[in-house]
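Both complexes shown next keep chain A, but they swap its partner, so chain B is in the first and chain C is in the second.
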Partner chain A sequence: MSIMDDARDKWTGTINELTIGATRADGGTRTSVVTIGGAAALPFMNFEGPTPRAPVVAMEIWDREPDDWAQPLVDVFGAVLKSPADWAKKCVEEFGADMLCLRLAGTHPDFGDASPTQAAEVVKSVLKAVGVPLIIWGSDHDEKDNEVLPRCSQAAAGERCLIGAVKEDNYKTLVASCLADGHTIIGLSPIDINIAKQINILVSEMGLPLNRIVMYPTTGALGYGLEYSQSIQERGRLAALGGDKIMSLPIICMVGQEAWRTKEARASLQEAPAWGDEATRGIYWEVATASSLLQAGSDILVMRHPAAVAAVKKTINELMVK
Partner chain B sequence: MFVIGERINGMFTAIGDAILAKDPLPVRAMAEQQIACGANALDVNVGTRVPKAERPAVMKWLVETTREVTDMCLAIDTPSLEIMRVGLDAACRKGTGMINSTTGHAEKLAAFMNLAKEFNASIIGLAIDENGVASTADAKVEIGMRVLAAAMEVGIATDSVYLDPITLPLNCAQDAPGIMLESIRQFKLLSDPAPHVVIGLSNLSQGATERGLINRAFLVMAVQAGLDASIHDPLDEELMNAMITAEVVLNKMIYSDSYLKAYRQR
Partner chain C sequence: MALKALDIFKLLPKTNCKKCGCPTCLAFAMKLAQKQASLDQCPDVSEASKVELAGASAPPIRLVTIGTGPNKLEIGNETVMFRHEESFYHPAGIGVLVSDTLEGDALKVKLEKIRKIRFTRVGIEMHATVVGVVNTSGTAEPFAKAVQAVAALDIPMVLMSTQAAHLDKVLASCADKKPLIHAATAATLDAFIVLAKTHNCPLAVTAPDLEALVPLCEKARAAGLQDLVLDVTSGTVAGTLQTLTAVRRLALKKNMRVLGYPCLVTNRTVDPMVAVAECSMLVAKYAGIVLADLDQPEQLMPVLTVNQNLYTDPRKPIQVEAKLNAIGAVTPESPLLITTNFSLTYYTVAGEVEASRVPAYIGVLDTEGTSVLTAFSSDKLTSEKIAAFINSDEVKSKVSHRKVIIPGYIAVMSGGLKDDSGWTVLVGPREASGISKFLKTTWANA
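Presenting the complex of A and B:
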């Protein structure tokens, strides 16, 4: 008998499963829900352990018309950019979105300063317009988010939304809301695995269990820190599979936001004639970023362009074939 | 680290009294306390206060009583093959078992390995053989190799084997800890994947003053050398904190400001 054992890695940990969205039977009004997590091995390595739940793509919509989005995005969505509910409908009905991520960008004091009541109305209108589960994301302005997100949480009570994002120094208000209204939460850490772990501890200490938290270790696009995102996610996932329960949480990535802010995605053909057609360049950038992050164990990819979404969903389906 | 809690042992007064009185409460409470403090497995030892003839029955009772509160791996602590079988039989009906322990004596090794195979249990192999306790690193490693080979012969995965270099009291063999550290390093090179290495930590400070400090200092050094399991008292908070910190410092665990709490939440 050989002294070498089977070289396949054996894992002791499993990523927590988490469901976003509640149907009528569970006290909500969603017509579909999304369950992520459950992985007991590195992504898609079925010979070492199962990846039972496919990663999910959520399409990003805003509460106000974005004024700095690249032309291919403006072209593909057109007039619906002015109405969050219509935008949501288009994503679901025309582009087959399984989940939406509503960014409350217009509540930021410098970009519209919409009130908590206005934001809550937008949330309600989107929930009414579509039946898919919803991610609700603030404006990344701590003080304003602490006013806006609790109202939105209340407006969506029972819908089991995924709401974010809390940080190490700003989490108590939103955790309390999510607990009260039956939601799940996103913990943001700035490419820092130690802070990611700390947030999980802090949130769970307030009574929101680890199986209701999704980690957002922040995302870098291709050419803009993708390797950091990849290695941080991978390190966290290896620890989780090795038995670190505090790190055994699903991960969300803001792919569209990061890919579409790169100059490669945005530059016009006149500005960069050697880079090829601007109508497809950004899409490729978004697809390349998303596909790489899938390999690091991302569970939710928030994306923007429908063509990129379709391509990544196809990739996921192919990777999930046993 | 795989911490095997040592406190369900008839040599401790409270458990010894509970055994004699057949009182399950102190046993259950001790199991629960050790788990809450971070134990990954519980050692079960009937001690010496009951007559030899009664020990198999007492082991059965002690294991079943512990099993009432946990599915956790139970390490059956006895040199007797007969008592080991009784203990494993009770432990493995609900959860997993561990043999604590076999020596490297050829006959004993074969018998205990077969038992481990039968119950799908993990097994601790001590660096003791026909010549007594191995006193040099080379001799300890040679016995370790024999233990591994015996495990492979019956088809037990390396992952289920724990090699123990044997801890001697510091106050009577001051060169022993250094030899142990060297043995731990060499055990880890015996196979790929490496076998686990375990120590019975408390022996080190037997009869010494500053027992807690000696245990803490050595455990930290042993973790650095590659130790990945230890039989000790998980209720000793400072010892556990030192061990957890050693693992964090060695990057075996992801740091967070609340890392001590995080470890115990596992």
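Presenting the complex of A and C:
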């Protein structure tokens, strides 16, 4: 027996496989789909078991022009920030995005208060503009999300989107929509395994099975709670590989959103002369946050800057080499 | 891994004499295994058993020191695979590779770059903690010159050459700085062992895979060397990460002493963004030293921060500084919110305030790193403490109004705080997620 064999840990659990996007054959209009999960060992530890599906990077787009994004992001996207459909096209055609995460930030009562109908139109325009699968994320305002997301779910019926996020105390409306329209769902559990389990049970008891749920344990940016995310994801993954079926769900991380709100990503050279190039500093911050979380077990990384996306995708390809 | 009770029992006199205070030798062995008793309590144990037991109680991964003085680098002595199981203890040494083909001004510029990468995070000054000097030239003289120049940085060094003779020459003048000698291979092991013994410096050993590495470590140990570092850099980052995990597991779980040493990895990925990704992962997964070509602050800062984050002790809450913080373009009329100095609590509140885009002050109270409810129930967040803070000169000099917002969880305090401070007390939301709405409605109308 070789030394590497001796170092092998035995695992009994496997992370659920989950597909986002439906092609015409499956009742949707997507030209490509994404399948995540399936891991039967710690991430990229091929000597002890397979990581059959590469983690996927989804690029984040908004339904309205963000007015507080850091300059490097504004510079790289330019005018398309004004049009979700054009923004989506640029991400796919120019930056090679495999999936998009559409955030309906403009439906928040304080930031535009766009109507459910308007939001549904945006969803349709994005689905029409690109063929990649879509994550649809509300505005994190419970009441408004309950009006907006069912309409968006309906507008995207059959496309097998990933929609989020449901909470322990606000899940019924969206679960019913996802069931009716054939989508998958994101459960939010702020760095807490027990809440994650609770949500997974509540959602599955409504009839949406565990293999249609993705967990969002919230994401801490590098320097701002990364270690909490790292540990909660590692604990969850160890439980899943140890056979806990309620925890055997893929994980989504909001890397871009968190990394780009840090001081390190945003400060100008005048504000922080010792921190180096302000044009790339945020990109490095996003890359380091993402890559560290890859090692803790992450299945979807939602990211913002195309250069960071490219670097992380290249890194994932290297990790997947057998 | 420590010895099991039965293994220890075999080394005891088995007389059941009770002199140790335990009814039987087996009971004593069980206490020893749980570290609840010390071997000194047994008056009859043999010298041979003492030596064996002492060996078994040595840490499964040796602590290796590189460099001397306040900047010395200590790596190894890790006890767990995952930080939530206990903690990671000795942050990786992270540093820059310096080639001896750099001469004169080019070398000066490179060293100046390294010297300038300095920044402070949560009160700790961060910088490159190790430098690798590479004998790229293959000749002795430039190597000696480069080492001499790098030594002036006062950062622990890794001297990297395939030639024992070149290293010997350099070590004659800098062995007192305890650099790491890098790296013995199967072909050069004998000469490198002599080097390490002669100059009394730690030695790195390397081989294409673990099968080949183990005999090298065995030989070095047999020669009496204790301070070893394993260079496990493989052709792919995937391979390196797997080897790092295997070494950590074998040392901790299989008690494989021959691999019980910290690991070193060199990263020569040309694309700096991919290099930052790789170095971050190497730090996350068990590398004791990571040496790369990254020499810009924006490149090294994230890797150093990953290191700092993952090596914080999860059992001790991290605290932020207790003071008045301004978020956004504040004026003396801006709202003042009170929270605790538990970093996660603070950053959650700060994040929500920032997202609301209502400029505001956040008053951070020292609650010894506990969250709002914990602090309140343990009397670390009291009405008197908040009153003293909001009436302090620090607050008076910046805030002109007298309306304070307290966390919803301590609403019960509002009456007392009003009496203690003379301020109007507004009860904020229980969860930070409600802050934005609160600032736009309740505060706006207050």
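By our rule, the second predicted complex is superposed on the first by the 315 of 322 C-alpha atoms of A that agree within 3 Å, B and C clash if a C-alpha of one lies under 4 Å from a C-alpha of the other, contacts with A are read in each partner's own complex, and residues count from 1 in each chain.
Just so it is clear, contacts are C-beta pairs under 8 Å (C-beta built on N, C-alpha and C of every residue); 3 or more make two chains touch, one makes a residue touch a chain.
Just so you know, these numbers come straight off a predicted model, no measurement behind them.
Peer 1: Examine A:Val312 and indicate which partner it touches, taking first as chain B and second as chain C; both and neither are also allowed.
Peer 2: Touch partner of A:Val312: chain C, not chain B.
Peer 1: For A:Arg235, select first, second, both or neither according to whether it touches chain B, chain C, the two together, or no partner.
Peer 2: both
Peer 1: Output check: A:Ile193 vs chain B and chain C. Expected answer is one of first, second, both, neither. What do you get?
Peer 2: In the superposed model, A:Ile193 contacts chain B only, not chain C.
Peer 1: Examine A:Met303 and indicate which partner it touches, taking first as chain B and second as chain C; both and neither are also allowed.
Peer 2: After superposing on A, A:Met303 lies clear of both chain B and chain C.
Peer 1: Using the touch definition from the top, say if A:Val57 reaches chain B (first), chain C (second), both or neither.
Peer 2: A:Val57 contacts neither chain B nor chain C.
Peer 1: Touch test for A:Ser291: chain B only (first), chain C only (second), both, or neither?
Peer 2: Only chain C is touched by A:Ser291; chain B is not.
Peer 1: Output check: A:Met320 vs chain B and chain C. Expected answer is one of first, second, both, neither. What do you get?
Peer 2: second
Peer 1: Which chain makes contact with more of the residues of chain A, chain B or else chain C?
Peer 2: Touched residues of chain A are more numerous for C.
Peer 1: Check the residue A:Val92 against both partner chains and state whether it touches chain B (first), chain C (second), both, or neither.
Peer 2: Neither partner.
Peer 1: Which of the two partners, first being chain B and second being chain C, lies in contact with A:Ile185: first, second, both, or neither?
Peer 2: In the superposed model, A:Ile185 contacts neither chain B nor chain C.
Peer 1: Which residues of chain A are in contact with chain B in one complex and with chain C in the other?
Peer 2: 3-4, 235
Peer 1: What residues on chain C touch chain A, complex-wise?
Peer 2: That would be residues 82-84, 116-119, 121, 210-211, 214, 236-238, 241-242, 245-247, 249-250, 254, 271-274, 276-278, 280-281, 283-285, 296-299, 301-303, 305-306, 308-310, 312, 314, 343-344, 347, 351, 354, 356-357, 433, 436-437, 440 of chain C.
Peer 1: Can you check the complex and tell me which residues of chain A touch chain B?
Peer 2: Going through chain A, the ones touching chain B are 1, 3-5, 10, 193-195, 197-198, 201-202, 204, 235-236, 239, 243-247.
Peer 1: Quick one: which bits of chain B touch chain A in the complex? Just the residue numbers, please.
Peer 2: Residues 148, 152-153, 157-159, 191-193, 253-259, 261-262, 265-266.
Peer 1: Write out the stretch or stretches of chain A touching chain C in their complex.
Peer 2: Residues 2-4, 6-7, 9, 42, 44-47, 68, 110, 140, 222-228, 230-231, 234-235, 238, 261, 264, 274-277, 280-281, 283-285, 287-292, 294-296, 307-308, 310-312, 314-315, 318-321 of chain A touch chain C in their complex.
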